[in-house]
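Take a look at the structures below.
Below are two complexes that have subunit A in common, paired first with subunit B and then with subunit C.
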Partner chain A sequence: MKLELLKAKVKNVVWGEKTAMLAGGVLQVNKEDLLAAVNEVQNFKKISAEIARPGESVRIVPVKDVIEPRCKVGDESEVFPGMIGDVESVGSGQTFVLEGAAVVTCGKIVGFQEGIVDMSGTGADYTPFSKTNNVVLVIEPKDGIEIYEYEKACRIAGLRAAVYLATAALEAGAKADETETYELPSFAKAMTAHPGLPKVAYLYMLQTQGLLHDTYVYGLDGKKIIPSLIHPNETMDGAIVSGNCVSACDKNSTYVHQNNPVIKALYDRHGKDINFIGVIITNENVTLAEKRRSSAYSIKLAEMLGVDGLVISEEGFGNPDADLIMNCRRAEKIGIKTVLITDEFAGRDGGSQSLADAAKEADAVVTGGNANMMIVLPPLEKVIGYTDYVDVIAGGFDGSLRADGSIEVELQAITGATCELGFNKLGAKTW
Partner chain B sequence: MFASSSVCMCVSNNSDLAGKVRALVLCDGSALSVIKKARDYVHVGWRIAANPLYGNFKPNQQPYRTILLYRQDGDGTADIESLTLIENALRVFEDAQIVRVPGEYPAATEKDFRYLDFVLMEETLKTFGVLSGSLSRVTGRDSA
Partner chain C sequence: MSYKIVHYINQFFAGIGGEEKADVAPESRPGVVGPGMAFKAAFGQNAEIVGTVICGDGYFAENMEEATAQILKMISVFGADAVIAGPAFNAGRYGTACGTVAEAVQRELGIPAVTGMYAENPGVDMYRKSVYIVSTEDSARGIKTAVPAMAKLTLDILKNGTAGSPEEGGYIERGLRVNCFNDKIGAQRAVDMLIKKLKGEPFKTEYPMPDFDRVAPAQPITDMKNATIAVVTSGGIVPKGNPDRIEASSATKYGTYSIAGVQSAEEVAYATAHGGYDPTYANHDPNRVLPIDELREMERAGEFKKLYDYFFTTVGNGTPVAAAKKFGTEIGARLKKDGVDAVILTST
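Let's look at the complex of A and B:
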């Protein structure tokens, strides 16, 4: 399966008469057309759109999802299959990407939501979405809509906006600045390719617990899937969509699924020091029997592939720590070496136990950072969204929102700050 | 292992579950008191059905917690997996600087937290056959 990503580089976003790419990497957007493409009059009382650029004195809160504008080129398939596109498989052909732009959805689904994206100041150092040119949708529901329906409508609006921007720019003549090609052979060829290199697969754990803790695969609720093989290219076409934003620091927004750095790194090293065989997706359910079923099934798939190593990424903390460790133990027990990617909740001083579960087999672990670390976000000139629930957002506490507009919070509240796919800005140095 | 002959019990401080969940034992106080009560049952042979640390909330945020337990006739010794999970949850809550107690937030926020507590446990309650009704939550802050 071969996929070409045709990337137009976006360096600025402006409102204007027609949605199109202008000279110098400027994405011009017709606001009325954008809102017409995403509005669901039966659910929304009001929907507005604003622009937030890198370096501006702007705070976006509460952020629900971030999506990269993409659309398919010249064939029948559609991005975000099963969500707004048809259910045919994706991951091959060509996909047009507005790289450097993002759609951000913002809405009060329940009365205590996070995440925060600051476009400048201290907070901007911790979120990757301070460096994208953001088109922000602020969505206010009609009264009396079921919360589930409102959450779904917000999710769909963000996906539609992303497809609208890419499609309209492409139809207006946008050209790619560069093309990236991703291709893996069939399993039959992969098994005999690159003799001498270790066969490695990726076990991609998806948060699936309930409202605001969900992930969708081809439109299916991830709680209801049995672990499965997915081609890495399918993730780039939006086969995995986020419905997931509580404790925003380590939740994978749709943008991160579209640009999973673990998949990119495995592709980069494919044929050099590893033989990248494929990707297994699994869920993180609440019920213990479901955890055991998913863990046993996904490690069985890895065993059937005959891989030597497994990279395992977690999503979230607490309850999923048990899934992560269970996956690690089961794989190591049958001789598959594992590397785990997680983040830590090690207390504000970093001195507490980092995970809610542990095992001696988990001896190769990469961390996305300590989500309990405290930071103070300075007051910014403009707020897109609502700050009235900052005191009770994940990581916040009484007194988080100060009179001058500054906010004292744990990193937990910052969208993507400790991303367990490595799509974040934290690192470590040793001396 | 859960079987059709197993008996269930749901320990919770979420008052919105009353009339919706069979075999409900409602307790007063914080999530910590729910976990401690569940631990008492684990000590005498009850097993827990779901990870007590469900949801990505911390003790300083979510005041509500619901723990589903089950047992077979004759179960009298503590199940090690259940004990490990409940002790891990206890440690997380006991180490927290702030543990929320129901009633601390504005009424609408409290109702949202009770709703989220329910939906995160909904599939488990269904699977174990103790769900006898559903909870609904609609938009509009006046609906508290």
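Let's look at the complex of A and C:
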């Protein structure tokens, strides 16, 4: 399967008459058209759109999801299959990408489980989305609708906005600045390709703990899937979509699913140091039987593929630590070498045990950092969204929001700060 | 600026005597004594040892609290900016004394303290988390390297307010996880590590696994009909309004609330403070997390004798194990004191 990503590099976003890529990497957006594209979604009382650029004195809160604008080019398939696109398989052909732009959805769904994105100051050092030119949708629900409907409406609105931006820019003549090609052969060929190189797969764990803690695969609720094989290219076309509204530091937004850095890193070393065979997706359900079923099944798939090594990425913390360690133990037991990617909850002083489970087999771990670390976010000139929930946001505490508008919070409140797909440079050491 | 330093040493390094003099009580002398000369040289113009406090190792070990109090009092008279203790090398009692004094100085006098020990000195395990301990050789032969390292660390802390990393500061790891930015992103680090592991080359994990604490289950209750039962939850159910402001995540506290006479955890009176799960169903009927209704029914039916008059609650979401352990120990002690026979722990 071969996929070409046609990337137009976005260096700025402005409102204007027509949605199009202008000279110098400026994405011009017609606000009315954008809102019209998302307004079909039910259950909104009000939706507004704002722009937040890197370096601006802007805080976005509470952030639900971030999505990269993409669309298919002259193909039968559609991005975000099963969510807003058709269910035909994606991952081949050509996909147009507005790289450097992002859609950010913002709404008080739970009120205290979503994240913070600062475009400048200390917080900007930690969130990947201070580096993107953001079109922010602020979404107010109709009175009386349930939060699940609200979450779904926000999720769909974000996806629609992302597809609208890419499609409209492409139709207005946007050209790619760069083309990236991703291709893996069939298993039959892969098994005999690159003799002498170790076969490696990626075990991609998806947060699926229940309503508002979900991930969707081709529109299916991830907690109801049996672990499965997915082609790495499918993720680039939005086959995996975030439905998370929880402690934002280590929840995978749709953007990081579209740009999964583990997949990128495995492709980079493919044919040189490793033979990248494929990707197994599994879930993180809450009961022990579900954990055991998914863990046994996914490691069995790895065994069927005959791989020598597995990168295993976690999503979330606490309860999913048990899934992570279980997956590691089972793989190592049958001789598959593992590297785990996690983050840490080691206490504000860093003195506590970092994970809720441990195993001696887990001897190769990469960490996205200690999410309990405290940071002070300076007051910023403009707030998109609402700060009235900051004291009770996950990672906040009584007194988090200070009178001058600065915020003292744990890193866990910052969207994507300790991403367990290894999206960031942040890590942790023992002192 | 020249900082004022007080030096703590034992009777041996003070030249008073060996084991036969280990019972000498604390005493204070102005200026340098014994290894203080070497520190004086290492500090140069940057700091001055204004006084030395001496105590016999045997005396200290046998009168720990009293000796610590006496030593602190003697140290405080000098109005120092920092304290250095030892180095103790591999001397166990001396190491313990240095660690105890250094910790007490930081806590009670609010000034930094630095000591030095051999990695296997028992004082290291006792105090590495709270005190900067410079790694030394196992005997006094190592004084030539220990003293400059301790002096440098002390000055770094005084000047910069931080000791830097263990490598920079030359101290024994305190076991604290500290965030840092790497050159490469996590995914690249992971793939690099896997390739090394597959090739059989040495690699370094970024998070060494701790020894996991496993708790053996208690013996079952044999006489349920006469048992007092308590309910404790990490599901965050609190009286509505969250009076103690328990955090949605990373709880720093737990709440203790009376349920005397309460027949059911009703929606009007209780809600969850937990920020890690969908609160809808817990808030509609808090009994789902804190099952007071069912427990009262069983109590009435005589299945057990009494539901304990209080419930304890916290938020088990991103809450560090160290905090959870502290809450559990305190709650357990209170339940035991109040004669509770068994606890139902509910999570989410």
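Points to keep in mind about this one:
Here, the second predicted complex is superposed on the first by the 422 of 431 C-alpha atoms of A that agree within 3 Å, B and C clash if a C-alpha of one lies under 4 Å from a C-alpha of the other, contacts with A are read in each partner's own complex, and residues count from 1 in each chain.
Here is the rule we go by: a contact is a pair of C-beta atoms (placed from the backbone, for glycine too) under 8 Å apart; a residue touches a chain by one contact, two chains touch by 3 or more.
Source: prediction; values computed, not measured.
The superposed arrangement places subunit B and subunit C in clashing positions on subunit A. In the superposition on chain A, contact of A:V339 is made with subunit C only, not with subunit B.
The partner that reaches more residues of subunit A, of the two candidates subunit B and subunit C, is C. In the superposition on chain A, A:V246 makes contact with both subunit B and subunit C.
Of the two partner chains, subunit B is the only one that A:A289 touches; subunit C does not reach it. With both structures placed on the common chain, the touch criterion links A:A193 to neither subunit B nor subunit C. Of the two partner chains, subunit B is the only one touched by A:A322; subunit C is not. Residue contacts after overlaying the shared chain place A:D143 against subunit B, while subunit C stays out of touching range. Legend: residue contacts after superposition of the two complexes on their common chain; A:L421 is shown touching subunit C, with no touch to subunit B. Of the two partner chains placed by superposition, A:L229 touches none, neither subunit B nor subunit C.
Contact with subunit C, but none with subunit B, is seen for A:G309 once the two complexes are overlaid on the shared chain. Stretch 311-319 is the one of subunit C that runs into subunit B, the other listed stretches 77-85, 203-211 or 311-319 having no clashing C-alpha atoms. Residues common to the contacts of subunit A with subunit B and with subunit C across the two structures: 110, 112, 146-147, 209-213, 246-247, 317-318, 345, 347, 352-353, 356-357, 392, 394-395, 397, 412.
Across the interface of their complex, subunit A is touched by residues 129, 165-166, 173-191, 193-195, 197-198, 203, 205-213, 245, 247-250, 252, 273, 275-280, 316-323 of subunit C. Subunit B meets subunit A in the complex at residues 2, 48-51, 53-58, 60-61, 81, 85, 88-89, 91-92, 95, 98, 105-106, 108-109, 112-113, 115-116, 119-124, 127, 136-143. Within the complex, the subunit A residues that touch subunit C are 110, 112-113, 146-147, 198, 200, 209-213, 246-247, 260-262, 264-266, 268-269, 273-274, 308-311, 313, 317-318, 337-342, 344-360, 362-373, 392-398, 410-412, 419-431. In the complex of the two chains, the subunit A residues touching subunit B come out as 110-112, 141-147, 150, 207, 209-213, 223, 246-247, 251, 285-291, 316-319, 322, 345, 347, 352-353, 356-357, 389, 392, 394-395, 397, 412.
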